Amino acid sequence: MTIEFVFEDVVRIYDTDAQGIAHYASYYRFFTNTIEKFMRDKVGIPYPNVSDDLWFVMVETHATYKEPVRLGDNLTITISPSSLSKKTIKFDMKIISKGRLTTQGYVIQVAINPKIWKATEIPDNILKSIVEA
Amino acid sequence: MTIEFVFEDVVRIYDTDAQGIAHYASYYRFFTNTIEKFMRDKVGIPYPNVSDDLWFVMVETHATYKEPVRLGDNLTITISPSSLSKKTIKFDMKIISKGRLTTQGYVIQVAINPKIWKATEIPDNILKSIVEA
Amino acid sequence: MTIEFVFEDVVRIYDTDAQGIAHYASYYRFFTNTIEKFMRDKVGIPYPNVSDDLWFVMVETHATYKEPVRLGDNLTITISPSSLSKKTIKFDMKIISKGRLTTQGYVIQVAINPKIWKATEIPDNILKSIVEA
Amino acid sequence: MTIEFVFEDVVRIYDTDAQGIAHYASYYRFFTNTIEKFMRDKVGIPYPNVSDDLWFVMVETHATYKEPVRLGDNLTITISPSSLSKKTIKFDMKIISKGRLTTQGYVIQVAINPKIWKATEIPDNILKSIVEA
């Protein structure tokens, strides 16, 4: 069973646009903030550039926007990690504000060796830490 | 049949990140640049805030990243519009660089009346211009 | 005497660019994060849109970059507020990383009434809280 | 005498914020767009990473905001280059919209050899092309 990791964030002025709501691409920043903190605090590795031999590169992103969030809104962001293969991890993300699910999405990343820019297996201990974090 | 609209862009320094490639969220800026130009040049309306009664708000976004693009790379971006309903439009997007498909994605937007923040039908002439542009 | 307020931040992947360092415009995001937290925690007001009658709008920004900061670097950001007039506040900012001053800058903001988009005096209690925070 | 180079841009949705105007940091994107095009079209070099031996890194940025610009506004941006030394170039920038000067600023960059991350002299032919462009 995946235990969710929770991150608190806030909608800042540069996240918003002239519709008075958070710009749709800003949500990917909320996702990244959460993933990075999850990786640092729960898995214990830097992210997305783990080492000279291991980077996580993005291969797919998706978000559905159910309700807008606005300047100053407090956000609770949850992350549910899973492995799609020994080389690929998926993070399911939810953003809750004022008790309501406002946004849902996911990002999929593949591990690569940046020296040859080829997919590589995630070391067992790291993969285990991610999916069991 | 949908005729595709084509937009030329370039990867700028602020689009890139410390992996030496365009950051995954920058692609949504490439999409937006293309959509905005399509709306202005082909449909003849400002975007996404068309008027005091009509805004397009984002409800879903998706991208798959097949190959990275790098600082200075020239991009050819195609947009294929379709209507999912009288209130909802989808833009299928492709990014080609150096003759290869590097990124594929879509964005779905719903028309709202911003005064009451409720979905509204897209005026016939606008909807027609978008899907037949 | 101005007591400085201190904020901790970190260089994230979207802050960096293909030079492998934080992009020069990202520093203004570090500044904004710090100012916003200062305003919320020390002054007790939302920022930059305080109320329907009071917004802070940016009129001048400046930064000098002495040493680069990189992905994952921890940042200590200090803010020293001062009032240039009853309508104008200046925040002097410093960013320290690994014990060294890496960036120095300031932002100047004027208070406006957004309904008429004209400069307005900052209420005494708010101005006092800002400069004595 | 410096001949100014002129670039046309437009305020896009992601440039704006919840004050309904272009966010203050977006102006640095307008500056960068202009500089990059100037370097490519007039000087004939990629920017800011010219080659493996020559990068331009930002050492100082400044902007004053006289009047706001809004979603969809057309911008005319002028760039006036000058050399402060054999290693340092300054670009004075102006943004005009609807016939009015809305923003004025400058950015200063130093040439470095990225392999050793030390300041280096700008090759004569490039420096000459920049200041006489």
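We call the chains A, B, C and D, going by the order they appear; numbering starts again at 1 in every chain.
The working rule: contacts are C-beta pairs under 8 Å (C-beta built on N, C-alpha and C of every residue); 3 or more make two chains touch, one makes a residue touch a chain.
Keep in mind that what you see is a predicted model, and the values were worked out from it rather than measured.
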* Would you pick out the chains that touch subunit A and also touch subunit B? => C, D
* Determine which of the two chain pairs, C-D or A-C, is joined by the larger number of C-beta pairs in contact. => C-D
* Examine where the copies subunit B and subunit C touch and state whether the two sides share over half of their residue numbers (same) or under half (different). => same
* Asked: For subunit B, which other chain has the most distant CA centre?
  -> C
* Inter-centroid spacing, subunit C versus subunit B (mean Cα positions, whole Å) -> 33
* Structure fact -> Note: subunit D sits from subunit C at a C-alpha centroid distance in Å of 23
* How many Å are there between the centre of subunit A and the centre of subunit C, using C-alpha atoms for each centre? -> 27
* Asked: If you look at subunit B, which of its residues touch at least two other chains?
  -> 13-14, 18-19, 21, 25, 29, 32, 48-49, 71
* Contact footprint of subunit B on subunit D as seen in their complex -> 10, 12-14, 29, 32-33, 36, 46-49, 71-72
* Asked: Can you list the subunit C residues touching subunit B in their complex?
  -> 13-14, 16-21, 23, 25, 70-71
* Which subunit A residues qualify as touching subunit B in the complex? -> 18-19, 21, 24-25, 28-29, 32, 48-49, 55, 57-65, 68, 107, 114, 117
